[in-house]
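The following blocks contain the structures, represented as structure tokens.
Each of the next two complexes has subunit A plus one other chain: subunit B in the first, subunit C in the second.
Up next, the complex of A and B:
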């Protein structure tokens, strides 16, 4: 295609040993170009943000986060706090709704997706074809359209009729009055919840679990030495169950832990603000220094320090710059950060102290049945577990859409395990179940896990479509907030930070599981 | 060497041996055996079969209940077809829509011919599919909660289709038909549907719903008849053309058309700009000619292999000048036409790229032709976009409904493609700062939902611009969507880049190629070929996610269905039929794309090379 003339291909002997001038030296040029581009990017950011700030200033909207603690004057459709006393609290309620939706969606779509993926592999023609049709239909329709269709369908269900036994005994909504209601207001079921004694009981569960794990290790170690069969599952389970049952009745015994947490609360609260700030700075610098030391150690071999590339220098410089940036953030950008950390840390210990201290005679779990009040489910007081049509349509849309992708992932993962593996397992004399559990599934999981993690990320991000039906998730609440106080930039910052934290957390978990599943190679 | 000579006949023998000793084909004994084998082979399979029959009947009956719901007014969809597909494009200018669709269909036909798409379809398989479809329609007729007329009609139609399919596969049996006869049959089917099926004539006449019996309106079925014939004709014409000119030439033309053609159709045909020819001749044409001629001459010189330092110096100063123009624009030092400013920037990019495309005379000429083409098309488009439209439209965006969804999806993919390649190259490069910037961008964008980015752009973009500059909301949304899509595109391209073996890099270094020559001529063509299936997947995703435009207030297909139609006084609250209808549209679009991608994968031999 492109060829230099022969003369330029033959190096001039006189030029050969001379260093090229700096404007032709790749070693210099690449850094010049990179730094120029970096400065351009930073300059563009600076230009755009000063424009935005000055434009906002002209409109009389100062950009800060003080409004977070100010009164909200908004009412949410649903969530942990439908009448929040501050805008920050309203956003927090929205975040919890988002997380609930994402969590429920992840669990349900995994179960449904695995079932459909297995049906797709079934040698039953009907199951195979039905699963195929399900997948091809649902994954080709936009999830937003599906959600809106579910919303249209759910809101055209029947009305909720009062279950007042005096007047309308025959008109009561169903299908099972008093236990299960399905109507245009949503679905309501009996509910179990953590009562006051739950946290004390949790102590028993944790201790019992730890002992059971320890015993299991011992039994396994012995089995590895002696061979034969050993009760690796039943004995630890029995120990755990015993702790759970005994703890259920005697859980108030450990209520004293509450005092420890109370002491922690006052200890944490007495940290001086400057001390916290100095601690944070020292920690940042120490972390950077430690990282650089470990990095250099990894480059060191008995033959001495390996030659460091530009990349390596860049990484070390970047670690230092990151530590300095953190310090600048803690001292200048957000001066109140240290005291916020102290206050919320102390609040956290106080909350733990509360949970472990009181309710010493309560049961760990309790239950309630759904109740209806004037044609709607009661919001307050004793009531069942209710899924509103808003949440329900989002949930159905998300779960069915994502399940169709997960089904394909599961199918692909199982098909990716070579047939020889099954045959080898059979030749070893494993049963079908054993072969599936010990040979096929571990290998299939390795293929399934990364794309599955992607789907979990997609579910979390797709919860933001809640705004289309008016569910009070973080995006919808945020929009309500900035429509009231015009703090668009600040609300966008909160959205982005929230979703980034969610995404990073999910990827971290998936990467961790992936690392555990990875083939250990010699 | 001797090995290959010896084994070649041996494999033939082996094939023959295998063919001779193949197990005898198991004779089939019809439906009962088939059911025994596939549905009732064991107790658990039998249980599964009954479970799935129950489930399927319940789900199908429920779905059909949505369609045959007595409260659902399907007139709301039939009357609003124009709204759904073209939103408020003026009815008296509809010839422009037909022209656009015709141009697109012709291009599709020519593209099919240029790539020689000619699958041999098995008649037996087609017949089998017809039997399946007929059986499904008949079963739906049996379980549908509808009036007995509809039920009998569905059963009769279903049985007829099934019998037709069975007949075809019995009579024509093992034959295979090629693509064009198949297209003829499909086209004939659609023409018959258009002219024979009594859908009814639904339209708004002076704001009132008119619902007459009969087939579709002549104003719809006559254009469509012409368009279908045009499509068939373009396939034939393309095939004739390929025998005259080289297929490669037609392919290149079609690729160029698919990049710029739709923009012409949108901005010059659909939008109908009212050119002020006096001004065009005095300013626009001279500038374009100047850039094309002077710029072309300079680029011809710059692409000479031995041009040396002076050429690089020239390219560098041209870049600085082009960038300085923008700084001056923001600072207000001197005025310059935006078009000229953009042209200088594009020229600087060409000048910088010139050494990469250096070579003999014909190569340099091709480079200059590319520049002249870019100037011609760019200047024409910019002039067209900046000219007032003659269309008399109540609400400003002249695109809406399905058209808007398609346009946004198409151009988001097109715009994010170069951006994604640049990001992917930066992320895989050895330069740490580029890698850091690109990784930060990609991971940030992939970590947040599209809807927050669309909100950001629809509300905030004008806040970030200096005083006096503005961006229309739809353009801002498009920009945000393209920037979002580029991050995903980058990840797809990166996958392709990682599949390139080290040997390719070493070989191109050994040939003495520069880094940019290696990237453009060696690495990217191979990487992009591997990426194609993922790109189609992303195109499907982009098409589906255009529905999010409805949330930020654009009147795309979804917003017409969920907001415009249920708010009409005649169809108050009727959202289910329209939503079901657009489900079908989205499904048809995505499903056909995924089928096409599967065929393309086999044709390109991705994964088998």
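Up next, the complex of A and C:
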């Protein structure tokens, strides 16, 4: 009897189907929160920037970027251009110094870190303890203190030119005068230059490299069929070397390639401005559409399209809005952007064209010895490879500090590979080197890569400590610039954009490598 | 010595020695894991090693391919004595296959790459030939359809069968099994044991450390019972289970059967 059933136990179908009021509806709330947060972020940014801009305007310092092309009146301690003719050029010189420092730091600290990490794992007692001491000492002292220490040490080196009249007046010092100098002005070595024929020679290197790769593939394919050992390294290397050597002497024969680039220059330059804008708009919309399509594809399984959540819709809408925002930027906010793109593209091809068609005797590389000018290393022209004490103290501080962290990361990564993997490789008869190359390292890399990427980001950001010793990096130059023209906000914008681009590039590379190394599991 | 003699049938005794251990001793720190092992494994023999945990079974077979280094006594494998000579060690390792309790497959390689790695790099086989052999072996262990998967996508039983195929790809004369079914779910044990039985029937020389008494009774030519790093009893399966010689073996059997 239905009537006997207590009514509270019967599911109330009507209640189930009634829509909850919107303030309790999770689906609605999610959307509201997303939109409110987005509006708050945009609004806050808008408010702060307009406030700052109008305040500065009131003080008679309008924020713009026109000063970039104006005269700089700055002299930099070192860099690609120590007497820049514009503030923008000065900042660019600072950026190049920062990038040099970060790039050299990343390479050197990786090599040093890997070696010390392996030494820390070594059975050799001395190597093990030495590596342990290195790590524990260097990672426990602040990097700024280390940089200042290196600066103090490097600046206490001998004079570059001995000015003491008692001994030998105006005599160049340095271990090997004319070849190697180690002094309180820095270290300078002979170096190679890319000379006039370099780009023509590069064509030979690229073609030779491509042919060597092709031959290597063929040799490998044959080895796959017949087995045994095959010259997969020596023959391709010999081919590449042959191209390099022959190209060294006959490189002017490819000078005609410059005409292709010159044609590209004029073709690029003849693109109409509206054409470029339309192309950019189409590209933005196409990118958004492609993103949405790939996103939907990733949700699609053999069973059909998965039910999309509110978040999924929000992401797709955001992609569309981003495309529209980009179009607005290209048409309204920065109308000159299109012609800037056309001009710089055309300049690029012209620059490339200029690199070719140099005379018959264009040598690809030239060697240069250090030169000294009025008691200092020469900044420009054919001179040696110089590391100043400013760059040197930053470099040593960053590299030794970061290497101690990388060593621990490498050690942890190798220890993270289970012992059974080594045993299985050994039991199969693989040699120690083969086991390391084929079994241990591929697995260790996947553990090492993410924290290693963090260290690369740290190095890049820590280069801004250059200001402590007065190296002309992007921060120091920027400060000098805004002290002169009061464009603080504009310089901050440039700094942020610069470091953001550097960091995002490093992250993207690390993520890409990491994705390639990932292990498939259920 | 007398124990060994009684267990060896005349037919078995006439065969060639594949593994010969004489007075093998091994210490871990001050703990003695092996207290002087004398043992001979004949060609095409299946020897099953039994014993409580910590009795030195695993240590013994790990010494046979030098994953552990014995400190006293001699081990001769297929006529080659295990010494510190790297060439001898490499030779023995590429002729002795080993299957581990934890499979130890290489997780970053597909099943087929796991199997072809050593034939290509150690035996210098052609890739085509190595792939052909690998597919045959996968067929033999009953999982040809899993070739392109990664170990992490397989069940434990499938992984162990891949591990067996990987060892067989080196065409070993001897196979060592270190508790091959101990890490498996019960329903997967039989699929691995079946593969091992097939291998025994094909005439492979095998040394198997296991707790599977059914397998031991059915497949083994001789059983070795170890305790505290010593061989307590060597016997044929029939006598071992029905009429064990030592009291310690009787106690062990009464606990597990």
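Keep this in mind: the second predicted complex is superposed on the first by the 473 of 522 C-alpha atoms of A that agree within 3 Å, B and C clash if a C-alpha of one lies under 4 Å from a C-alpha of the other, contacts with A are read in each partner's own complex, and residues count from 1 in each chain.
Please note the rule applied: a residue touches a chain if its C-beta (ideal position, glycine included) is under 8 Å from a C-beta of that chain, and two chains touch if they have at least 3 such contacts.
Just so we're clear, the structure is a prediction, and the values are computed from it rather than from any experiment.
J.: Tell me which partner A:264 touches in the superposition: subunit B (first), subunit C (second), both or neither.
T.: neither
J.: Under the stated touch criterion, which partner chain does A:227 make contact with: subunit B (first), subunit C (second), both, or neither?
T.: Second partner only, subunit C.
J.: With the two structures laid over each other on chain A, which partner does A:316 touch: subunit B (first), subunit C (second), both, or neither?
T.: Once the two structures are laid over each other on A, A:316 reaches no partner at all.
J.: According to the stated criteria, A:427 is in contact with first (subunit B), second (subunit C), both, or neither; which is it?
T.: In the superposition, A:427 contacts subunit C only.
J.: Does subunit B (first) or subunit C (second) touch A:122, or do both, or does neither?
T.: The answer is first: A:122 touches subunit B but not subunit C.
J.: Let me test your reading of the model: by the given contact rule, A:438 touches which partner, first (subunit B), second (subunit C), both or neither?
T.: After superposing on A, A:438 lies in contact with subunit C but is clear of subunit B.
J.: When the two structures are overlaid on chain A, which partner does A:446 contact: first (subunit B), second (subunit C), both, or neither?
T.: In the superposition, A:446 touches subunit C alone.
J.: Subunit A residues in contact: does subunit B have more, or subunit C?
T.: Comparing subunit B with subunit C, the partner touching more subunit A residues is B.
J.: Across the two complexes, what residues of subunit A are contacted by subunit B and by subunit C?
T.: Of subunit A, no residue contacts subunit B in one complex and subunit C in the other.
J.: Would you pull the subunit C residues touching subunit A in the complex into a rising list?
T.: Touch residues, subunit C against subunit A: 65, 67, 90, 93-94, 96-98, 100, 102, 104-108, 117-118, 120-122, 124-130, 150, 152-153, 163, 166-167, 170.
J.: Would you tell me which residues of subunit A are touching subunit B in their complex?
T.: Within the complex, subunit A contacts subunit B at residues 1-5, 7-9, 30, 33-35, 37-38, 41, 47-49, 51-52, 55-56, 122-127, 130, 136-137, 139-146, 148-149, 152-153, 156, 310-311, 314-315, 318, 457, 461-465, 467-468, 475, 479, 488-489, 492, 495-496, 499-500, 503-504.
J.: Could you list, by residue number, the parts of subunit A that touch subunit C in their complex?
T.: 223-229, 418, 420-421, 423-431, 434, 438-439, 442-443, 446, 517, 519-522
J.: Where on subunit B does subunit A make contact in their complex?
T.: Touch list, subunit B to subunit A: 38-39, 41, 45, 48-49, 52-53, 55-56, 66, 305-306, 330, 356-360, 363, 430-434, 436-437, 444, 446-452, 455-456, 459-460, 463-467, 512-513, 517, 521, 540, 544-545, 547-548, 550-551, 558, 562, 575-576, 579-580, 582-583, 586-587, 590-591, 594.
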